[in-house]
C-alpha cells in the first residue's frame, strides 16, 4: 500500500504507537527498544534481521523477551550501526547476548558489530540459530534460523530476566537451539515492495518443501497434497533428529508465513498434535499464529523443542511484548 | 487444504488441542466452552456465528471473555441446538447474555433459541452488535456487527467476571455498542472451501469500500489509493458518528481480514493514530492483528470505541482466551 | 386423483425436495456467490441430507407431528438465515395441521399462508425484498385463488408452481433489501435470489409428489 | 597516462560505480529474484545513494582514510550479506593504502588481493561458490599477472575488467553454495549471480575512472 522506501519506518512507527507501554522506536538508531530498562541490571538480549518477517523481531521486545531489535530493510539484515546502538542500549553492565539467525548477512553484520563492541569493553556472547532441518545435517551452513529463534528469545529472555549471568543465558540459548528443529512449506511466493510482484512463480497445484523466511523458496517442489500429508512432511525430519520416540514432551510452534488464515493454522496444528500423540509424544505447549513470516507468503513453519523442566519453566514465565504476552 | 465437510471440526479440534487449559471443544454439542467454570457463579456470556471469521468467536472464550461460543459452518450462523447447549453450559443461575451480530441468520437463530431457553426458565438477555457504519444511519438493518463484537465480548466479559448482574452486564454491552463504530475495506475476495474459488472477482487495481466479514463484498468499488487515503476512509464516518472532536479518548482496533500481513496492519494503524492525534484525539489503547476475519481475505476492519474510565478499566482487566490474553 | 395429503405423501414431497436441492447444491452456491456468501446450496443440502437420513427411522401418524419434526430438523441442521426461515415455515405447517392425519387443499392453503406469514415475521421481510418470500408469496396467492375456484389439488399446485417459478425469476430485477445480498445494494440487481430458487423447488416438488403419488388415498 | 590513483581518482571511481549500480537497481533485483530474495539492487543502490550524498561534503587527503570512510559508509548503509562484504573489501583497501596519498598498480593489486581475502574470510567462500568472489577473484588474478608483465594501469584494469565480466558470466553455470541462492541448490543453476554482477561493475568502473581521469597526476 505504501512506497517501498518508507515501508519499514511506517511499520515501526505503527508498532510503537500501538504498544507505547512496552516498546519505543528509537528513530535515530533505527532500533526498537524496551520502553524502560529493568530496575535490576540484567544480561541484555538483542536480535535483528531483515524486515518483512514480522513480528520477528520487534514484536518480541519487552519484559521477558528482547531488550532491543534491529530491523533491516525488507529481507536485508540490519547494519552494524543499528546493532551497535542496540548493544549499547541493552548493555546494563552484565553483557549482551546476540541472537543471530543463520543467514550470511546476519552472521557478518552481527559479527562485525561484536568485534567493535568488544573493543569498547562490552561483553558480547553470540548464538546462531539454525533449526531448519529441511537441509541434511551435513549441510549445516544451509540450515537457516527459523521458529526456534522465537523460543530462544522467549526462553533465554526469561533466564536473563530472572538474573542469570551472560554465560548462563548463553548456555540456555544454546540448549534451546540444540533441542529444536523446524521445517517449512509454502504454497506461493510473497510479493516484495521493491519488485512489486511475486519473487517467483508457483503453479496453483504445487507447493514448496523446505521453505524459509525472507522470501526464500523451498528446495523441493511437489504436487499439492492433503493437510494430513503436509503434517507428515513437517514432522518427519524433526522427529528423527530430536528423537521424539525417546523425548516425549515437546513445545510446538506453528507459524503462518504471513497470509495463512487462522482456521488453516489451527487445523494443521491439530493434525500435528494428533499425529504426535498417536506416537506417544505430547505437545505440552502449543503456540499457533503468525510468529515468523515472509511478507504475504501463504505457508507454515513448524518448530519443535524438546521440553525439559527447566525450559518449560522458563517458557511459562511471564512475558509482555507486542506479540507474545502472558503472566502479566 | 482439507475437505470442506470437515474444515470447521478440524479447526475446533486444533484450537482445543492448542489451548487445553483455557477451552474445550464439546463435540457432541459442537460448541467451544471454557474449560472450567468460575468458582463464583457469574452471568454467562455466549456468542456465535459463521465459521471462517476466526478467531471470532471461539478465540475469545475463556477467563474474562465468553463462556461458550457456537461456531456455525463456514459463513453460516449456528443452529439453535448449539446455541441452546451453549446457553445451558453458560448458565450459572445468574442468566445469560447473547452477543449477536446483526446478521439475519444470527438474529433468527439466537432469537429462536432465546424463546425456547426462556421457557425453560433461563434468564436471557440479548444485545445486537451493529457497529458497521459503512451504511448510512437510516439503513440500520444493514449495519453489520464487526469489530465492536470483540470489544463487547472483552468488556462485558470483564463486567460479568467482576460479578455484575445480567442487567448490568447487558447495560455495559449496550454502552459499548452505542459508543463504537467500524468501517472495513478489502482488496480481494476470500476463497471458500465449498466454492473452491473466490466468491467474486476484483481487478488488481481496485478495492472495495464497506466490506464486512463472512465473504461480504463492500458496497462501493474504487480505484486503488494510498495507505493514507485508506486511513481517511476508515476514520471518516466513525469520527462523525462518534464525534471524535468532543470524545478525545478512543480504543482502536485494527483487524486484518485473514491474509493481511502484520507489517501492513501496523503501518495502517500507525497512520490512523497519527491522523487521530493531529486532530487532538488519542488512541489510549490499540489492538492490531487478525481479530475478526473472512477466511483469506486481504483487507482490514477498523473499529473505534469512545473510552471512558469505566470501559477502559474493564478493557484493561485480565483476560485469558486463545486469542486475547493479558494480566494473567 | 389425490385430494388430500397424508404423512407418506408429505414425506414423498420432502424427499423429492431434498433430492432436488442436493442436485442443485453447486448451482445454488453459485447463485449465492453472486449476491451473498456462496453457501446457500450447501446449507440447504446439509439439511436435506439430514432429513433423508432421519426419514429412514422416523415415523409419524399425524401431519402436525411430521411437519414439526421436519421443521425442527431443518432448524437444527441448516443454520444461517435459511435454516431458521425454512424451519419456521414447517413449524407453521405443523400448527395448522396439528392432530390431522390428512389435509385437503383448503387446509394446505391455510398452512402455506401461515408458513408465509411466519417467514415474513421472522425475517422481517415483505414481497419485493428479493428473498425466498418472492417465490412463496405468489404461490400462496395462487393457492388462495385455487381454493376459491375449487381447483383440484394437482391443478392448484401446478399453478402455484408456475407462480413460484415466475416470482423467483422476477427476483433478478429486484434490489436485495434483506439478507447478505442487501449489503451490495444496487449491485445485487441482475441476479436471481438463491433462497427464492430453493423455495420454488419446494413448491415444484409438492406437485411432483402428488402427481406421482402411490399412497392408498390416491 | 595515469600511473597512480589518488583520492580524487578513487572518488571518481566510486562515483562511477555508484551511478552504475543505481542504474542497474532493477536489473540486479531481478537477478536476485531468480536466486535469492530480490533486493540486491536495492541494497547496493541504497549504499550508492548514501555514498554520493556523503561525497558532497567529505574530504580526505589519504587513500587509507578515504577507503575506510567508503567501507564504513557501505557497511552502515547497505546491510545484508553484500553490505558487510563490500564494506570489508574497502576496509582492506584502506589497510593497504594507509598513510598513502597515491597508489600505483602494485599497491592497488596488493590492496585488491587483500580485499578479496577479506571477503573470502568474512563470507567463508571460495571461488566457484557462485558469489561476488567469482567476479573479483579472476580480476585480482589478472592484476597479479599484469604486475608481473609490467602492464600500465589502464591495460591492467582493462584486462581485469574482462576477467571479472567473464567470471561473472561463468556464475550462471554454478550451483550456489553460499548466500540465499544456496537454499535453492540445483535450481540456482542457469542464473547469473547478482553480487558477481555488481562486483564486475566495480572493476569496470575502475578502468572507466582512470581512462577518463582529469586529475593533476595524470
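Which chain is which? They are A, B, C and D, in the order written, and residues in each are numbered from 1.
By definition in this document, contacts are C-beta pairs under 8 Å (C-beta built on N, C-alpha and C of every residue); 3 or more make two chains touch, one makes a residue touch a chain.
On a predicted model such as this, the values are computed, not experimentally measured, just so you know.
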Practice problem: Can you give the shortest number of steps from chain B to chain D, where adjacent chains in the path must touch? | Solution: 2
Practice problem: Let me have the rounded angstrom distance from the C-alpha centre of chain A over to the C-alpha centre of chain D, please. | Solution: 33
Exercise. Please report how many Å separate the Cα centroid of chain C from that of chain D, as a whole number.
Key: 78
Quiz prompt | Centre-to-centre distance between chain C and chain A (centres being mean Cα positions), rounded to whole Å | solution = 55
Practice problem: Answer with line, ring, star, complete or other to describe the graph linking chains that touch. | Solution: line
Quiz item: Every touching chain pair, please?
Solution: A-B, A-D, B-C
Practice problem: Would you pull the chain A residues touching chain B in the complex into a rising list? | Solution: 1-2, 7, 10-11, 13-19, 51-52, 54-55, 59, 226-227, 230, 258-271, 273-274, 283, 286-288, 290, 293, 295-296, 298, 325-328
Practice problem: Using the touch definition up top, name the residues of chain A that touch chain D in the complex. | Solution: 4, 50, 72-81, 103-105, 108-109, 111-112, 135, 141-142, 144, 192, 194-195, 199-200, 210, 212, 214-217, 219
Quiz prompt | Residues on chain C engaged by chain B in the complex (per definition of touch) | solution = 29-30, 33-34, 36-39, 41-43, 46, 75-85, 87-88, 122-124, 177-180, 182-185, 187
